[in-house]
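Several structures are given next for inspection.
Look for chain A in each of the two complexes below; its partner is chain B in the first and chain C in the second.
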Partner chain A sequence: MSTATIQDSSRARRSRGGSAPRPPVGAAPLERSRRRMFWAFTAPAVLVYFVLFLVPVGYAAWTSLYKWDGIGPKKWKGLKNYQTLWQDPTFRHSLTNTLKILIVGGVLTFAFAFALMLILREMNRKLFARSVLFFPCLVNAMVFGIAAGILFSPTGPVDKILEALGWSHPPQWLATQHLSTMILGTLIWTATGYYSAILMAAVDQIPEYLYEAAELDGANAFQRFRHVTLPMCWDVISVCAVLWTVSSVKIFELILMYGGSSGSQPPAGSWNTAMYVYTEAFPTASTPQLGLATAAALVSLFMVIIFTVVLRRLLRRDPIEY
Partner chain B sequence: MTPRRKARSLPMRIATGVVWVVVAADIVLVGWILLTSLRSGTDILNHPFGVPTHPKFSNYSKVFSDGGFGRAALNSVLVAVLSSVLAVAVAAPCAYALARRRNRVSGAMSMTFAMGLGVPGQVMVVPLFIGMAKVNLDDSQPGLILVYLGLAMPFTVYLLTGFFAGIPQVLEEAAVLDGAGAVRTFTRVILPVARGGLVTAFLLQFISAWNETLFAIVLTHSQDKVTLPVALSDFVQEAQLNGLDWGAMFAGVCVVLAPMIALFSWLGSRIIQGMTVGIGK
Partner chain C sequence: MGSKTSRGPRLLAIATAAVLAVGVSACSSSKSSSAAGSSGKSGGSFTYWSMWRQDEPQAKVIQAAITQFTADTGIKVDVQWTGRDVAKKIGPAMAAGKAPDMWDEGEDVVYGAAAQNGNAKDLSAVLDMTIPNDNEKVSDAIPSKYWDSLPKDPSGGQHWIVPYEASTAGIFYNTADPGVSAAMASQPATWDDFINVCQALKAKNEPCLASEGEDSWTNGLWFDYLLNAAGVNFNDLAGDKTGAAWDNPAVLKAAQQVEQLVKGGYIIPTYTQTKYPAQQTNWAGGKAGFLMNGNWVTAEVAKQIPSTWKYGFMLPPGATQPDSMIFGFALTKNAKHVSQAEQFMAYFLQKKTLSGISTQADNITPRTDIPAPPELATVQKTLDAPKLRLTFDGVAGDWTTKVWNQNYLDFWHGQIDAATFISKMKSAQVSFWKSQS
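The block that comes next holds the complex of A and B.
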């Protein structure tokens, strides 16, 4: 079905674009064969993307307007689900946590990643150090969540080390009120290596002569950073910012498993919106609230959209050619 | 790169020291997880730093038999490999067409794929659960593979479009002059040149499918259908009831972790390159 509509639109577009200059027939066989093959080549991916990605997103938006337990009939609610969410303290807390991860985590991750990138560039054996620091982002976050259960337990290694260093009463790391901060810390640790590797790849592309020219002009290290490094990798920074927005909003397994000793669900204080969606849609004891869950998911999608648009605006600069 | 005068000021030396401490801590952490998986639960709690003097391999047999990790590992490999192969096979021709044909239609199409990068997974989780149940593919590997295939589309198309755009057009022009059609040109000329990019796309997709947890938890639950992350979370939850056996739990953790260590030691630079250079384009 989707291919049919797409082919129709292509035909319409082609006939409408009749005034546009076309290569003379026979002059560009490559061009002609490409036009013919374009749809054949794109159709499978477009079909898969449409059926398994775009339709579900649309269905989520539609479901978010109903009250539905997944089995019985749907009941029209309109935008009331969103109102219910807003009045639900658990959801508001989840939203606050999501924003905290997004903003506080984002700022800290970038500060660390940038600093790390600058240090790594001056280091010997920097590729080895980069690889080690990069690795955590390839591991299922559950691994670190479960490991933290032992590492930060009152008799665990971290407290033992701190005791040896003279701090005899370290905080209860895994207590409910500290959980969201611990999760944030773990997240920053796994993400910093990844983002600094991206920044490093971008900075490596900057031609050396720019630094030499700046040095000849008498720029010190900070000025070289401010006037050469920063502007030259600005595009990558803005891509990273968007990337962080999406990936931080969908964090799930880290929160689900953190400490490894939670019950069937982690305490509500550490939830983010992804966790909220999961617990509302697939609860262990109560009836599923699919309308409310998809509405919460849509809220996180809106959040990504708003942040992406704002960040793109804020970070927009004239492109630099080199 | 031309050697630049290395500033070895005191702050820089301290900063370098701090970075090496963090690097060492990361290595120690991973090593500690691996070692702890060979120790008994009570030993871990009493002596968190100990080395396994009598390696307790029964931790592994416990997760493989009681936790169903053997079957789950097999499922994880199956789902991750098949979904990644399919994703690359479906996305590559599309990305190639998008990279080569620059007009309004292909621009809009690339834009639509790129927009998918911004959709967090929790938006699709309920609809895909309902949809898979409708077509009787819930709690099945084909269902999970299809879901991963759909989720992979935006990133794989995006990554490969950037990659194909970097391949010089001269190659195809020569092939067409030799009388090769578009399909033949693509399979015989472009794909061999693009092998590196395809392998990178496969690797990145494999890694994300291997670690994917949310959809796996929602879509699979039978003992013989679950993937490793689900088996691990089930194992942890059961341990709440039967008393925590940290040794076995860490063995479970290692089954998830070790393949990534192996993969990264083998193809690390390619993975890093794919995940960093590809992003900035």
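The block that comes next holds the complex of A and C.
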């Protein structure tokens, strides 16, 4: 088994590198044909990646060096847009909010998801429970924004229930100072179901006999989770962590819907970097600042890359085979 | 094997033929449709993105005018009922070369998104056009004060919009509300008198003001009018890069007056916890005395108010000039069908056509010979003032989003006091202008 793994990984390395040393003349015909097929199969994907991702990123990086409204001539600014971002308290606050969503939201989402993994594996009707948990992430964020106005108003059902339970002064859910918390709460609620679904798919693959053996060894539910579930789906967890990092930085429609009133943008205190990019690129009654918007977008991209690399390193474990 | 290789090119040939055929038919159909379009009376067409959604009364009035216009002139109007998002879409559309010839919005949006950068065409020619059937010039039918109050575009022009709806903002109330009439024998002459009215209402457990707590625009109107009463120009205040304008004692006084409303407990208690239009609905249901808003609010609550309701309107005591906001048509910089669109603008200003804005959409028109809907008669009189000033003296755009909204809402929600509000505004404004330079 181990030999097979080594062979596979060396082949993958060679293929991925693309510039691997040419096999000696007279290498196996299979190897030669595989080499020939490599570019035939990879080129379309590389091309799509290049045209749809690298070119726009390059164009954005170029735009971020100019002051440009998208219509008139571009005015060279060099790195001044980045300096502006650094000096702009709104952007600094947006960056803090992004990190808050990423870290606080991430920790809580995965804490809940792990707790659910613990329960869902062993409960009856787990498929039904999973569907219920997954459901919120099918609902468009805009629905939450609109529904929140009804659900959490002082005369809405949430306050009515809390009052019936004896809480005479429930929190002012929709007050602007609670906007960030409400957004974070909704985010965690929708994301927990999503990540639980992915993680449970990994848990389902774990052979039952491992749990039986652990149980025979006297492991309790938490120990079974700690010593069987967690190590066995570590790879999936690390992928989920990266997915969360990437998606949490991009969230903005939820903020727009929760905080936006009939005529204006949400209060700047609730913005994250994506919202900042949006308001700079699509302002309501002023000139688009595409240079500043793309600079802010690139800062976000840079942040995602850093977080992903660090996360991948922190979560790296030797794969377990079974 | 042989048959296989020959089928390849044959299939290719058939596919090519099919693609060509579709292409040719597509070309020919587009030609024929454009030919049909130009076969009308004077012919041609233009594209128009509207700020109204199709189900709004203004859209119905404009749609009826478009239908009649096409029948009369043969000019087709390709209209999209975009809604308020037109404000965000028009800039990127102009950048991509996909913008319509004509669009409409409030003057603040048209200026901010287009005119201030020279991206709105000069419409002086429309002012000289004769309005069909009425036989008067546009500049005679629409008072020049509506243009005089507008900021100038880079070429110094103010004629970058042709207004069809005029509006102002102020304090609305129901004169038939026994609580209000008991507390207020006549409209207050001073700010203290107004506070006394609020106090009298509070004594009877009726909140003085309704307010959508999340909205910095309507709530900010208090500060805007109080600054006006104190002789401070909001635009000058916001445009001061050093922030020193905020040290003016008159500004602090205006803030303290707003603070009286907040700290005095005169605002409906749940105002910070709801979303639009919850508090407007409460006000229409008689749960608060006064509401500060644009005059379109009467149309918005028309179905909620009881039949006994009688509108009263006033400006905050001391305010010398009513706010003015106009909604009108503008042309994008690269508009191709200028003449057709301009003809439509003049056509829509006909007395019988424009009357729909008053009779069907329940709003005020800039034509003085079209009476406002009865509930807005007093409001229209305010707009008769010889000189108008723009809401917030024309401040809009990024400053509002980055400096004003959050700080004013914190202040309006009672989280910071007047002095802290002033100092926060000052420092945020200094940072803002530094980042803009």
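One rule holds in what follows: the second predicted complex is superposed on the first by the 261 of 322 C-alpha atoms of A that agree within 3 Å, B and C clash if a C-alpha of one lies under 4 Å from a C-alpha of the other, contacts with A are read in each partner's own complex, and residues count from 1 in each chain.
One rule holds for everything that comes next: contacts are C-beta pairs under 8 Å (C-beta built on N, C-alpha and C of every residue); 3 or more make two chains touch, one makes a residue touch a chain.
In this text, all values refer to a predicted model and were calculated from it rather than measured experimentally.
Enquirer: Touching A:P154 in the superposition: chain B (first), chain C (second), both, neither?
Expert: In the superposition, A:P154 contacts chain C only.
Enquirer: Of the two partner chains, chain B (first) and chain C (second), which one does A:I71 touch, if any: first, second, both, or neither?
Expert: Second partner only, chain C.
Enquirer: Given the superposition on chain A, which partner contacts more residues in chain A: chain B or chain C?
Expert: Larger number of chain A residues touched: B.
Enquirer: Kindly classify A:I198 by the partners it touches after superposition: chain B alone (first), chain C alone (second), both, or neither?
Expert: first
Enquirer: Looking at A:F252 after the superposition, I want to know if it touches chain B, chain C, both of them or none. Which is it: first, second, both, neither?
Expert: first
Enquirer: In the overlay, answer first, second, both or neither for which of chain B and chain C A:V242 touches.
Expert: first
Enquirer: Looking at A:Q87, would you say it contacts chain B, chain C, both, or neither? Reply first, second, both or neither.
Expert: Once the two structures are laid over each other on A, A:Q87 reaches chain C alone.
Enquirer: One more residue to check, A:W167. First (chain B), second (chain C), both or neither?
Expert: Touch status of A:W167: no partner.
Enquirer: For A:F282, select first, second, both or neither according to whether it touches chain B, chain C, the two together, or no partner.
Expert: A:F282: touches chain B and chain C.
Enquirer: Intersection of chain A residues contacting chain B with those contacting chain C?
Expert: Common to the two interfaces on chain A: residues 70, 149, 153, 155, 261-264, 281-282.
Enquirer: What does chain A use to touch chain C in their complex?
Expert: 69-72, 84, 87-90, 148-149, 152-155, 172-177, 259, 261-265, 267-269, 279, 281-289
Enquirer: If we count contacts the way the header does, which residues on chain C are in touch with chain A in the complex?
Expert: Touch list, chain C to chain A: 84, 87-89, 91-92, 94-95, 108-109, 111-113, 116-117, 119, 212-217, 270, 272-278, 333, 396-398, 400-402, 405-406, 409-410, 413, 415, 428, 431-432, 434-435.
Enquirer: For chain B, which residues count as touching chain A in their complex?
Expert: Within the complex, chain B touches chain A at residues 1-2, 4, 6-7, 12, 15-16, 19-20, 22-23, 26-27, 29-30, 32-33, 36, 44-46, 48-49, 90-91, 93-98, 100-101, 104-106, 109, 112-113, 116-131, 146-147, 149-151, 153-154, 157, 172-173, 176, 181-183, 186, 207, 210-211, 213-214, 217-218, 229, 232-233, 236-237, 240, 244, 246, 249-250, 253, 256-257, 260-261, 263-264, 268-269, 271-273, 275-277, 279-280.
Enquirer: Which positions of chain A touch chain B when the two form their complex?
Expert: 9-10, 13, 29-30, 33-38, 40-42, 44-46, 48-49, 51-57, 59-60, 63, 70, 115-116, 119-120, 122-123, 127-136, 138-143, 146-147, 149-151, 153, 155-157, 160, 194, 197-198, 200-202, 204, 208, 211, 221, 235-236, 239-240, 242-243, 245-246, 249-250, 252-253, 256-257, 260-264, 273-274, 277-278, 281-282, 290, 293-294, 296-298, 300-301, 304-305, 308
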